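There are structures below to look over.
The same subunit A turns up in both complexes below, where it pairs with subunit B and then with subunit C.
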Partner chain A sequence: MSDTNTPNDSYDGDQSSLTSRLAANPRPALRWAAVAAVLLVLEFGAFIGGTLTVLHALVLGVTGLIAAMLGLTISKGIETSINEVQASILSQIDSVRSTAEGIPTLLSRETIPNQGHRLGPDGPWAETFMGLEPRLAWLLRVTLIVVYAFVVAYWLFRGWDIFRIYYRQADWTPTDDIINRLRSHRWGVFGVLIILLFLTMALFGPALGPTTVEANIQSPYGHYVEYYSNETGQVENVTVGNANFNSKSKGAGTNVGPMSYDSFDRFHPFGTLTNGRDLFTFMMGGARTTITVVGIAIGMSAGIAAALGMISAFYSGTVDLGVLTVADGITSVPQLLLLIMVSAVFAGHWITNVLNGGFLLAILFGLTGWPGLWRAVRGPALQVAQEEWVDAAESFGQRPALIMWKHMFPYVVGYLLVYASMSAGGIIIAMSALSFLGNGLGVTAPTPAWGRAIDLGQNYVSTPSWHISLIPGLMIVALVTGANALGDGLRDAIDPETESGSGEQTAAGGGA
Partner chain B sequence: MNKLVYLGKRIALAIPVVLFGLTMAFLILYAGPLDPVYSILGRKASEADIQRLLVDLGYRYPNGQEVPLWDQYRMVMTDLFTLNFGQSWVVQRGRPIIDLIGARMSATIWLGWWSVVIALFVGIPVGLFAGLRANTFSDYFASAGGILWRAMPNFWLAVILSGLLSAGGALSFYRDWGADYGLATKVVGTPPEVNNLFNVIPLFDGIPVLEMLFLPIPELQNMAVAFKWILPGALVLGSASMGNEVRIARTAVLESINSKYVETARAKGVSARRIVFKHVGRNALIPLLPIIMGEFYLLIGGSVLVEAIFGINGLGSLYLRAIFQTDIPVIMTLTFIFTIILVVFNITQDLLYTIVDPRISLDDVEG
Partner chain C sequence: MSNAIERKQTAASGETLVDVQDLKKYYGGNGFFAPPPVKAVDTVNFEIKRGETFGLVGESGSGKSTLGRTLVRLEQATDGSVSFDGTDITELSGSELKKWRSNAQMVFQDPESSLNDRMTVGEIIREPLDAHGWKTKSERRERVTELLSEVGLREEHYFRYPHQFSGGQRQRIGIARALALEPEFIVLDEPVSALDVSVQAKIITLLEDLQEEFDLTYLFIAHDLSVVRHICDRVAVMYLGKIMEIGDTEELYEDPQNPYTQALLSAIPRPDPTVTIDRITLPGTPPSPRDPPQGCQFSTRCPAKIRPEAYADVPDETWDAVEQLREVIRERSRMSLSATDQMRKRLGRFSRFDDIDETVEDLFEELSVPQAVQDHVQHAVELVKDGEPEEARTYLRDEFGGVCDTTRPDHHQVSASGRESYCHRHDAEYDDVTAVLSKYSDGA
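Presenting the complex of A and B:
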């Protein structure tokens, strides 16, 4: 965090730049980079595709907001010209994305296909990976992808380790202690693993599902499946939409449960939804939406909280009181009620088209979430603002913004991390609650959202179709527990002395 | 600092806070893209009707001129703070909002009361128990339970529980429990008994002013039925807080049990029971206080979802209906009431702090 070398700070001669240290002893770095390159090449298309999707949504949302604000305040002309710029940027991103997704990747559904059909009543499978049963082909692919993701994560960590051992100037920094403490914190490591698993789902979702969101959920009537029909005794062709229609899970009689095949030779790891769509694919799509929204929201509220926390600590007095009033004002309205209110007011507004409603949710969580984080940061920021080094920097004329950034932020960022990961659970829960309520709140249909799956299965909890509500809920519980565990681990790693419950309320999602 | 001075200061500071929150709600509802006229009159309204309605709702003056946002703001705020809540626009058009709220209030209070009480009476003992037996199997079991219990979304728990309780579900026997004592209940919908929990006996019939005093006699049978009916919802609503209470009570016990004063008490022969209740329990209460108070915060938000799923006709479901039907005055009034309740609880919490733990000075809890 605060410990990387900044060459311009040098006060004596023996500081060398990172490049010269790399040149002096290139072997460990080269070895690491070689493996990293292999790992990257394996899944290059997926990485670029995922990054560009997020970038696309961000550009759309941010420029859209700027255009709308300027259009309201200055003139309509500016709005249209910004919209033109926006359209051209977006089309460029789109074209890069489509070429990136065209690059063959090793762990894709094309190399290890699981969608095939039988050739006879009990006959061999065709078109699946090496003629395996779809269940096995799918399991193989999922296992490989998860292993790959964990190897990548380990390798990134290894990169930091190599940097620390071979190339860092300092023998020891406080970050080393934090990381060592986190490594031996079993509960915290559990949290890291869970979060990694969900990040994998979000990033590799399209390759993890037995089918894709596009083919199974967005435009099922534009895609076809082949299957062996027991009635006609031969392989038939049908649209995915028709197949879905006859694979619904609606209680006894019509049900496709977890780990089973429907009558169209399709395998459903989590069973199907009430409309016959594949629940696993739906959940993977939902993971991407959830992680994106939570990421943007946390980033936004942490940014606001850090800036305001340092400003209120640095200037204190009236400024502090003003921020306090605003923060209290936002939290004085129960968060969930505020969220429901704003999402209902904006239901059907153009902003719900950005990221299928996720962008509005992210902004809402960002704007309503920062007071909690600000409270957590304000105390430590007040403490550090009274330190001598801040006084010293002030007296030799450093600009306030620079003082806050260089001398206060490094001290505060740890607390920010702890409370940010603790409030993630609340955001996940509240977000799925909004999608559960439906009626234009939350993520818009048919884009997958975990809360909507729970809503769909509401009437089938005590029927053979219990999986529809149960599995999405269990996944939410797992993710929230993981985020809480990560928060606990970080807290113990960063500041082993503190043990407080201030993060407890935020983790509950305003009662959702 | 004197407690009264402190209280006055806190209230003075709370005014801008409440005002900010309500202004935010006002701007969202009145300046945002809502169309109450459409939701009242529908698509096929005549121009004259629309005009009349706009005047009625306070958006236009009778001469057809638009009321500026600032004037609308002043009107809405004065009405709220003088407790003149007006009438519902859509949910039950023309009915005074105070009536609407009064009719639904008892269900929400009944639900909320039991969710707090159950959470307290389950969560704290379990947490104390786990803390006193730290690092045993039962401790791990209780702690893990607390962690999972608070990670479960209320609405999901409600869906699963109401599904299990429904006909054909694994818990459907619950409804017929105690049928011999007249306790067979439904589990979905508002218990009708909730409005007859007390037999109100006037004390001074016919004497002016004093006739407002009355003696509430609990109607035990009605209370039992209403309790059994509302129990699943209350369990769900209290779940997150219960998990928190287990965790906090456990760590609080662990902290105080290793302290010197407990050792001293043990050395001079104080009984184990007395140590747990007097020395450990009271100190463990301090960090629990914000959690207990925070429960009210979770309760207000959570009641919206729990009431919607269990079909309880309370304030939470009223809020949801008002939102979906663009009944702006009802939304504004409920927001006002909830905000005031929250702020009052916040101030109470800080005052209670100083009573439970006299070491905390009134200056510490400010801000």
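Presenting the complex of A and C:
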């Protein structure tokens, strides 16, 4: 590049705002928005429903915490009044949610039903989508949903692409390079796909299962199925509970394996559990709890770790030592033991009702998980704090909080993402471990939790009912691997010099 | 580059802008068990006149950067005062400090490290304005484009990232950022030393032009002596936290008085092969600023060090050998002993330092050593072998140390223009530096 100065008159200044740039060339944005709108309308109800579920849990958790804290410190009266406010907000959210879920969506079980019954011993199927066999109807729906989810994800990415090509003022940013490197990183892309798949499970869980958590697991005796009975030769009606009772998978003799039908014309993609419930539905329900808990926990510990990491790097000295002491104190407590203890202490407390106990777990993982991330972030933060641009910002009187935010955080966030995605695996494993241990630990039964499925099946590993433990186990492996792959990919994308890891870099994650 | 030879003399108004009094900056050393502090800047006095360019030269580790950083309050002074336009800025804090900061800015050495790569050039230059809530948002943007053209960049560079620029251009961005708040005083911390020579000249010219246009006062920190001569009105030479010589640039370059300045200037390569300047090579390395010499900071390496009366007749070579031995023992005393060595020392079986005998042999082998010297050297060697190099060092200093080893010199005025030099040789009772050094280089 030359070091010269030639005036450029065509330069129109940087006064234009994003809206004016959009107005100047609206076509690409409009085209993108039209497709996005169609995609949104297709599943509008599901999106609103999912968002409101998360909002519901958040309101419940946050107001609950505030109420408990104020109730302990100030007076019981405040606690009661806050609880009343909470109840009214929650009921409003609930009513909106039920309306939202009433909006028909294209890929719901109502549009493509898979639950039906035969009309004769080999006979055609009734009440399924276009009279298809339940297996095919279910497969069709699942395929469509997964395709839809990936198309949405791609379209969101495409939106960023269009912004960068047509509307961004800078024609190149460092982020472009990171994204381009991540795109060509196969292992990282694999991670992204796996994570997307699991997010799809969490978001569209109710529509993915052959039946619903509500009907199959929560209140099986309040729901009915129709089936063709070979004994009576006609279509009978039975409660789901009774049907479950007769479809148990308990080794040889009584087993409903993967991709098979039980004697009530119900299709089970992953077979049934020991109590006859549908494993696939169970897993989809579990995905939602798992991903919510992991999301909250990782978000919390990453937030704490980033803030403390930058504070200790920027101020160093005594502040750093103080944080280090606290972090060491937290690390020295065995996490699993603490989780068991706290679960016991809070047994019966209202907080165990939020997200069926998941919220308490998330907070615990969040509060105990940050020292690891803080350690990972502190090194890079210390390095950035030594850079002259931090001195420069200080020399013109920038506020410390803004220095940390503008001049240090962008360099630290990459490491944070890498280590957060890697330790997400640890949290998933720890959660499963808790549910596996049972005894009121982990997510409250009967709410689905992956670890519990493994626990239920452990006596049948060597019988025809092997699927009960194996499939959830494999799914945990897949998710943890995916999270680690994503972490690897991000690391290589952000910091290409460390590529093809020498091994030492990958040392994060780990179990509980 | 029309003014490459003819140095531009900025019309310094004679009014003092920055007045540094007894400034000290120590690192560490507070706390009962802490090792002694690192004396990065050790009692420094000088003034910078409004509108002038004041140079600060010295080898790395001499404390020149620390001094510069203290002047813009990137470091808090340990002691002393820096008065800026009459306000002691070492006392400022909070909003007063922030307000003052817009008056004094800094340009950093490494253009790779001084710009945040994740911000656009526009954001980087605009940040000081944002931090001080300067006027309105659109006026700030206008100011940035104005600054971009001031420093020779183009307006459309606003949305580029520092990655997309060369070193020289990056330094221009750094200069634009420093100018944003219209400061009176700018500390230039080796602004061109990381750049190619061809680009250096352009940046220097830019700095000179900007000084003229905005009536800036510069503190120019450098180790490149020829650049300093080109741009600075006055210059201070630093060594180990102390100003060795300070005065008008031309005069100081033409007729250096301090032995350190002379040694430093003799190292400038001359393009003219017919000029024979005896180069003064300094022995050893600078001592640790944690443990500076008791007397003059330069005494351990000084070619013009004053010899005590008692040893006036010792041959020069022998005396040099004695000085070298002292340097060796000083190095030894910096080494810390391992636990096993400590134990051996207690038991009287310590042998790790026995190799000192060989050193002494190498040093004194072919020299005539007077008996008095011989005895003292032998005593010191025994102390070292016993594992007590610290005591050997003190012993030698007491025996062979002259005024340079024991007493800090004063700043002596050495010319009519008020040039000062930090050396005992300027006392009437000792020989003049130049005379001694010419003898030294003749002998060599």
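In this section, the second predicted complex is superposed on the first by the 483 of 512 C-alpha atoms of A that agree within 3 Å, B and C clash if a C-alpha of one lies under 4 Å from a C-alpha of the other, contacts with A are read in each partner's own complex, and residues count from 1 in each chain.
Following the convention adopted for this analysis, a contact is a pair of C-beta atoms (placed from the backbone, for glycine too) under 8 Å apart; a residue touches a chain by one contact, two chains touch by 3 or more.
Model, not experiment: these values are computed from the prediction.
Q: Which of the two partners, first being subunit B and second being subunit C, lies in contact with A:121: first, second, both, or neither?
A: neither
Q: When both complexes are superposed, which of subunit B and subunit C contacts more residues belonging to subunit A?
A: Answer, by number of touched residues of subunit A: B.
Q: Contacts for A:253 in the overlay, against subunit B (first) and subunit C (second): which applies, first, second, both or neither?
A: neither
Q: Return first, second, both or neither, reflecting whether A:432 touches subunit B, subunit C, both chains, or no partner chain.
A: Only subunit B is touched by A:432; subunit C is not.
Q: Answer with first, second, both or neither: which of subunit B and subunit C does A:317 touch in the superposed model?
A: neither
Q: Report for A:170: first if it touches subunit B alone, second if subunit C alone, otherwise both or neither.
A: In the superposition, A:170 contacts subunit C only.
Q: So, A:395: does it touch subunit B (first), subunit C (second), both, or neither?
A: So A:395 only meets subunit C here.
Q: Just to be sure I follow: which residues of subunit A are touched by subunit B in one complex and then by subunit C in the other one?
A: Dual-contact residues (subunit A): none.
Q: For a test of understanding, state which residues of subunit A touch subunit B in their complex under the given definition.
A: The contact residues of subunit A facing subunit B are 324-326, 328-330, 332-338, 340-342, 344-346, 349, 425, 429, 432-433, 436-437, 439, 451, 454, 457-463, 466, 469-470, 472-473, 476-477, 480-481, 484, 499-502, 504-505, 507-512.
Q: Per the contact definition, I'd like the list of subunit B residues that touch subunit A in the complex.
A: Touching subunit A from subunit B are residues 13, 16-25, 28-29, 32-34, 147-148, 150-157, 159-160, 162-164, 166-170, 172, 237, 240-241, 244, 247-248, 251, 255, 287, 290-291, 294, 297-305, 308-309, 319-320, 323-324, 331, 334-335, 338-339, 342-343, 367.
Q: Would you pull the subunit C residues touching subunit A in the complex into a rising list?
A: 69, 72-74, 97-98, 101-102, 104-106, 108-110, 113-120, 122, 127-128, 131-132, 138, 141, 145, 149, 152-156, 158-161, 163-166, 168-169, 172, 174, 177, 180-181, 199, 202
Q: Could you list, by residue number, the parts of subunit A that touch subunit C in their complex?
A: Residue positions touching the partner: 1, 3-8, 11, 13-15, 169-174, 387-389, 391-399, 402, 406-407, 410-411.
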